[in-house]
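Input: one structure, supplied below.
The first chain written gets the first letter, and so on, giving A, B, C, D, E and F; residue counts start at 1 in each chain.
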Amino acid sequence: MKLRSMLSLGLAGLGTALTSVAVLAADAPAAPVPNKGDTAWMLISTVLVLLMTIPGLALFYGGLVRTKNMLSVLSQVFAIVALVAILWVVFGYSLAFTPSAIGDYVGGLDKLFLKGVTVDSVVATFSNGVVIPELVYVVFQMTFACITPALIVGAFAERIRFSAVLVFVTLWVTFIYFPIAHMVWYWAGPDAIADAAKLLAAATDDAAKAAAQTKLDAVMADAGLAFQWGALDFAGGTVVHINAGIAGLVGAIMIGKRVGYGRELMAPHSLTMTMVGASLLWVGWFGFNAGSNLEAGGGAVLAMVNTFVATAAATLSWLFTEWMAKGKPTLLGMVSGAVAGLVAVTPASGFAGPMGAIVLGLLVSPVCYFFVSTVKNTLKYDDSLDVFGVHCVGGIIGALATGILVNPALGGVGIADYAMKPGELSVADYDMATVMLAQLKAVALTLVWSGVGSAILYKITDMLVGLRVSPEAEREGLDITEHDERAYNY
Amino acid sequence: MKIVMAIIKPFKLEEVRDALTTIGVHGLTVTEVKGYGRQKGHTEIYRGAEYAVSFLPKLKIEVAINSDLVPQVIDAISEAAKTGQIGDGKIFVSSIEQAVRIRTGERDQDAL
Amino acid sequence: MKLRSMLSLGLAGLGTALTSVAVLAADAPAAPVPNKGDTAWMLISTVLVLLMTIPGLALFYGGLVRTKNMLSVLSQVFAIVALVAILWVVFGYSLAFTPSAIGDYVGGLDKLFLKGVTVDSVVATFSNGVVIPELVYVVFQMTFACITPALIVGAFAERIRFSAVLVFVTLWVTFIYFPIAHMVWYWAGPDAIADAAKLLAAATDDAAKAAAQTKLDAVMADAGLAFQWGALDFAGGTVVHINAGIAGLVGAIMIGKRVGYGRELMAPHSLTMTMVGASLLWVGWFGFNAGSNLEAGGGAVLAMVNTFVATAAATLSWLFTEWMAKGKPTLLGMVSGAVAGLVAVTPASGFAGPMGAIVLGLLVSPVCYFFVSTVKNTLKYDDSLDVFGVHCVGGIIGALATGILVNPALGGVGIADYAMKPGELSVADYDMATVMLAQLKAVALTLVWSGVGSAILYKITDMLVGLRVSPEAEREGLDITEHDERAYNY
Amino acid sequence: MKLRSMLSLGLAGLGTALTSVAVLAADAPAAPVPNKGDTAWMLISTVLVLLMTIPGLALFYGGLVRTKNMLSVLSQVFAIVALVAILWVVFGYSLAFTPSAIGDYVGGLDKLFLKGVTVDSVVATFSNGVVIPELVYVVFQMTFACITPALIVGAFAERIRFSAVLVFVTLWVTFIYFPIAHMVWYWAGPDAIADAAKLLAAATDDAAKAAAQTKLDAVMADAGLAFQWGALDFAGGTVVHINAGIAGLVGAIMIGKRVGYGRELMAPHSLTMTMVGASLLWVGWFGFNAGSNLEAGGGAVLAMVNTFVATAAATLSWLFTEWMAKGKPTLLGMVSGAVAGLVAVTPASGFAGPMGAIVLGLLVSPVCYFFVSTVKNTLKYDDSLDVFGVHCVGGIIGALATGILVNPALGGVGIADYAMKPGELSVADYDMATVMLAQLKAVALTLVWSGVGSAILYKITDMLVGLRVSPEAEREGLDITEHDERAYNY
Amino acid sequence: MKIVMAIIKPFKLEEVRDALTTIGVHGLTVTEVKGYGRQKGHTEIYRGAEYAVSFLPKLKIEVAINSDLVPQVIDAISEAAKTGQIGDGKIFVSSIEQAVRIRTGERDQDAL
Amino acid sequence: MKIVMAIIKPFKLEEVRDALTTIGVHGLTVTEVKGYGRQKGHTEIYRGAEYAVSFLPKLKIEVAINSDLVPQVIDAISEAAKTGQIGDGKIFVSSIEQAVRIRTGERDQDAL
């Protein structure tokens, strides 16, 4: 159950507000059933996120490496999807989306092997009284778990062992991704809050009030750490992009530079494939962002519009930035800008208004451009495909901007408060300091958890199977040395 | 017998082929090559990083001929391949000692 | 609000018809809310039209040029999508889909920057009482605005300056596309008509009748010029294909032939990419055509069936035409036929019956084949990728055939008359002469507006930034000279 | 109307069961209307199956052949889609989905040219009282008819005449595919059964009971042969994969080995394209499998989850099998495993539980691997792209496993019995022997019908136009010799 | 020392390599080339426009050998590459004056 | 005049080009080739079938020079292209009899 979070603060004036609410708790209403339009939309959104990954991301990345490493990239992405899909249904979903078991850091083991998840189980959305089949939520979220580690491998492409990828990714999703997904996205859902809030409103004597308040507090606390902070992440700015981006940077540094880096021309072997991949990322990202609304309603539509225009704006702003800086408008620049825009709008897509999304898109590209062209060269790390410069930097910009653009005064939708008028969607007052603090804390949490955690996991992987291929293998190319195959035999 | 090897600009192939046909040379072999010389290459930019690419696409033409044809062949190629711009290419002539047509086993002059 | 137009004529017998209608105007019914199935369908249709463009159209076109110009084509298409998306939300949507401001030629400025368009605003469909979120209509229509200018660039591929593309497209959508979309597709919607018609029916005295008639007339006149003529264009035969096709032809002629045209072999550098592009065009076109129904109902289904079979028929008829004419069945022939079929069925897709669509598909290919192989060579213009021969010619055939195939006697659905029985869908009597006249006028309008207008805009662009690269740049290829990149480094 | 079959056996205790059912037959309920969420889902599922075929399957196959035959493969797949689409609406749909006309083998000619199929006609789904527009069923099933013969051509790629493909496919769909689709998938639908069963329950005297029983028997018998046996095939294990796989094997043997087979390196010319194709197959297969549920409900979601995890499991198990056997993890191995998993889960996708699907995926790859690497080489047939080894073998494994995994004790959904409680979905008792016998009979039927039938049709095709190109043409490549085109001109 | 250059049909490579190995020649260099000669090319059709393509894919094999091996090498290549059909290709023999093995610096005969 | 033909490992191109520039040689032509020699190839596996691929990617460099430069050029290439590992490649030197610069018609030494 993702976002449209409610700042815990929003609950302050609750006691008073609730007393005026009609008492409804007694007559248990019929359990909501999924709307087929919602189900259809979630099914297709799931398909779109898979499309983003294979072939989308695989081609985007693959086109950027040299011919001799093409298949290694395609193989890594494809294998990660398969591997994480299995891990997800075996224990990932349970760790991410059951009530917190260790602190507010990670869920429990109640749904190992999808235990208890049937064709009839449902989960909450962000609207009161609206549910979707739990299995569609499982499979939709599965695609997020699959693509996130696949993003990382771009940072150390052209030099990592295939076996190291499998080991690292298994560890990484277990110790980094599932917990962070839990911390940012797990909550009890709007109806649970509404029910508890109604009980409180209905409580007549002090004892009942205290009990009801305790109950409501418990429901509010049945959420991941960052969610309780009130951090907003509509579709994965922190969970997916900052998370993968920082893990990539750490990996690129620990594994070291490619042989010949900085001296040899390492031109993309097929910008055609990169453009196809970027286009499919754009296309599929609508499932990622608009699907994260969990319903085929106005919120999904808004997320789609925002995703479209932010991406368009970022495409143009990278284009013109590079045109001014280097004298030529490049296709790789445009598609890099598009991806930066997609990344930045991800956390904001359901919160901002279209004009806010455009501004966000215009801003993100020059910053990312500065990171991939100047910062990287200055600091001399070899982040092969700019996972840090685009995903982490873009994700941070997006996460912070979300805190600003959600402001209704700027065309945003505001922050939902599910307890104010239980059962109805109310918008809490916007307080910039509060929101931005929550955003900053969530960004910091992700950077630290994933940064430090990944470093440890790379070390373990290195000890287990070795992270890096030999220099000779790197010269010859990973396709032949790791896979005994070649991408092209023209 | 001689073998004439010419490095030319790619878009000149058809004209060179025609020129050779005109003087009665009906066989040749073409290879895609990259040339480095005085002609300036170009810059390529990938994500803000600029690379100077100094190797330029050229075609190498090899024609085996009777020795007496050499001047004519040189003239034909030179004229057809010339744009007057830097990078038009070179012609090199060497000897060959034997020639064989695989299909028939014919040798030397008959093989050309 | 697109089509299922009503011929203005259809209103003739209205006065009488209405008197027998029950009076309902008094009790204002609850405002209709969007159905989630419709919203889901419009969201995914939008995604499909983007997929058509990037990577679909980009690959279809890119595969047909020489290696050295591959990236220039991909760049132009990608940049156009980004550019027009922004122009659309800034002023395009307002110019196209708000009430006419200048004659019946173009809308006004009320919705600049999407002013007043919220997550809750809705727009009409072609069914009474059925609405969809306005933002989904905005983004769906945005994809049409993005792909149309992208179609044009095929006509002068391999020789245009990148900056000229940006300038020209900005001018072209502003002065050609937005107005034509307005003229052909803007109307007040079925409920507005039904309400006015009901008022008229309810009017008891002559004064009230006259007032109501005036009101109804005003509602009927609240539509673009061609819409008022009764021209039928379900998904963009005139607005998209004839419009882009004629602009392409004018451009190809004004810019001149490619260096070496007619002498050198200009074989497609990758028919593989062209086939992928054509397939994605076919796949995505279902969003284009069936999405234009604006609802997930029978009309969308019919449009999908028609689109499928017309395309299949046109594929086969090009295949056999070329097989007979040249002795070989070619893949490029098949995919050209497929695109011709898609183009031709576009205006007809929601109006014809499946067998009519097959006949249309069978007919369009030989005509387009004749244009691209014979007419082009005879008239000696260099329309690089046959934008005129396929899109303009195919669009004209489709527009005219629509007028015939809509006839219920031929399996068509007939022309909706929303005023005859207000609130119910009635089919007007089919009168071929009337319909065909409207179709012819709309075709002529588009040819003249876009043909003349584009010529002026090319001229302006040429003066501003220059249309064409130097002959040396053309020899070397636009990828290096315009973008400093190469498509492939194998 | 596909599956969720009811074992005919399930009717045994019917007489008794029904007597306790409330009588409802008298008051005819309002005819059900399609839900827009279902319609949206079926529309998009149709689009996804087309995406699987073009460009999906075309690229998957095309990447595996040598450069010189690339276009021939693309052409064959593209032409088959176009050809079969037309045949389908002309007579295929009628032969497959109207009541049996010859034995229980094939339907009749009532719906030639889609006669009587309008925008308003509806067809049954697997749920009582739920219908979808008939035209969407027509077009959804059309895509199945298009992809199945396209699968076959992989078996004799690189040596077949293009004209032979057209002739053979026309014959094959007519005499093999349409009948088998009828035998396995045609039935009267749940409401017809419920109505008849209610009549029987309402019958009070013996005469009425006998008449009602006769009526019920007739409704139950209004189904294809294998359906009456109770064979389960959710999305086409027999109809599509075994059917195409055995036809491919027969073709590969009758046409003979490629020139140079076994001596020359016939390495895939572009594993990049093969990976893209495999990814699109995976993506599109969700339409194939989850779309086969005909509704956007829990069944579709389950089918999607199963399809995802079975494929993931099969990807990994092929990867590790080959890694152990040959020492290297290959991309071609992974994508082959993915396809094997997709094939195997096809008949089971709506019947198994997710863990059952994983087990199925883990098992299918090693078996298929054994077939494509050992059996093929031992028996020395040249099935160019392993249509038999992957599709037929994988399909058989899936068909048999379906009979086991449907067992609710193993997490399956059980076998629906629509007559037990008319109008409600009941699950029949699971009897393994009965189910497996039905599965075995259906597999055998398909192998024999398609195996023998295809042999005859190849013979006829050979007599009509010749099956195979000359050895010189084969050396030079089919692209030039059959199509006068080349895939790449770099 | 001599260098033997042979233009052959692409699918004959393995046979030629085997034939050379049989007579003790264990090194060679292969280039993809396009050949023009008597062998008729093919037509390509793109959207109804026909193009005559006269350059055909061939392989060029270069083998540096001791002079005394020349006849054997010619025979080996000729036999292995022959189909008897037009376009089988040619063999040209020229002299080389020096040979060096880069890895060891060995010269001439030892370098081959 | 001589033409020096060197077969080298692909990633050594830049170093060889630099070495030649250092000694004043400013023109050369490069071809992508496949080499067969002592260096072991690799195996490729496609759907469980293993293929031994014995041809390895190499680059062929051709440099036309004045005869007196030959030793220097050989040394420059040898040093730059050497890794000491098997497969480093060969250098072959032959004579050329004439050279022409197409652009200007200059001959022989002036043409290089």
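One rule holds for everything that comes next: a residue touches a chain if its C-beta (ideal position, glycine included) is under 8 Å from a C-beta of that chain, and two chains touch if they have at least 3 such contacts.
Only a predicted model underlies this, so the values are computations on that prediction, with no experimental measurement involved.
S.K.: Which chains lie in contact with each of chain D and chain F?
M.R.: Touching chain D as well as chain F, we find A, E.
S.K.: Are the interface residues of chain B and chain E largely the same numbers on each copy, more than half shared, or largely different?
M.R.: different
S.K.: Once you count every C-beta pair in contact for both, which comes out on top, C-D or B-C?
M.R.: Counting C-beta pairs in contact for C-D and B-C gives the edge to C-D.
S.K.: If you average the CA atoms of chain C and of chain F, how far apart do the two points sit, in angstrom?
M.R.: 57
S.K.: Need the CA-centroid distance for the pair chain A / chain D, whole Å please.
M.R.: Roughly 36 Å, centre to centre.
S.K.: Residues of chain B that contact two or more other chains, please.
M.R.: Counting only residues that touch two or more other chains, chain B contributes 31, 44-46, 50, 94-95.
S.K.: Residues of chain C that contact two or more other chains, please.
M.R.: 35-38, 40-41, 44, 267-268, 326, 328, 330, 332, 484-486, 488, 490
S.K.: Which of the chains are touching one another, listed as pairs?
M.R.: So the chains that touch one another pair up as A-B, A-C, A-D, A-F, B-C, B-E, B-F, C-D, C-E, D-E, D-F, E-F.
S.K.: Residues of chain E touching chain C in their complex?
M.R.: Of all residues in chain E, those touching chain C are 44-51, 53.
S.K.: Quick check: in the complex, which residue numbers of chain E touch chain F?
M.R.: 3, 17, 26-31, 64, 94-103, 105, 111-112
S.K.: In the complex of these two chains, what residues of chain B are touching chain C?
M.R.: Interface residues on the chain B side: 11, 14, 42-46, 50.
S.K.: Give the list of chain B residues in touch with chain F in this complex.
M.R.: 2, 6-8, 31-38, 54-55, 58, 60, 70, 74, 77-78, 81-95
S.K.: Within the complex, which stretch of chain C touches chain D?
M.R.: Touch residues, chain C against chain D: 35-38, 40-41, 44, 48, 66-67, 267-272, 275-276, 279-280, 282-283, 286-287, 290, 295-302, 304-305, 308-309, 311-313, 315-316, 319, 326-332, 334-335, 338, 354-355, 358, 413, 488, 490.
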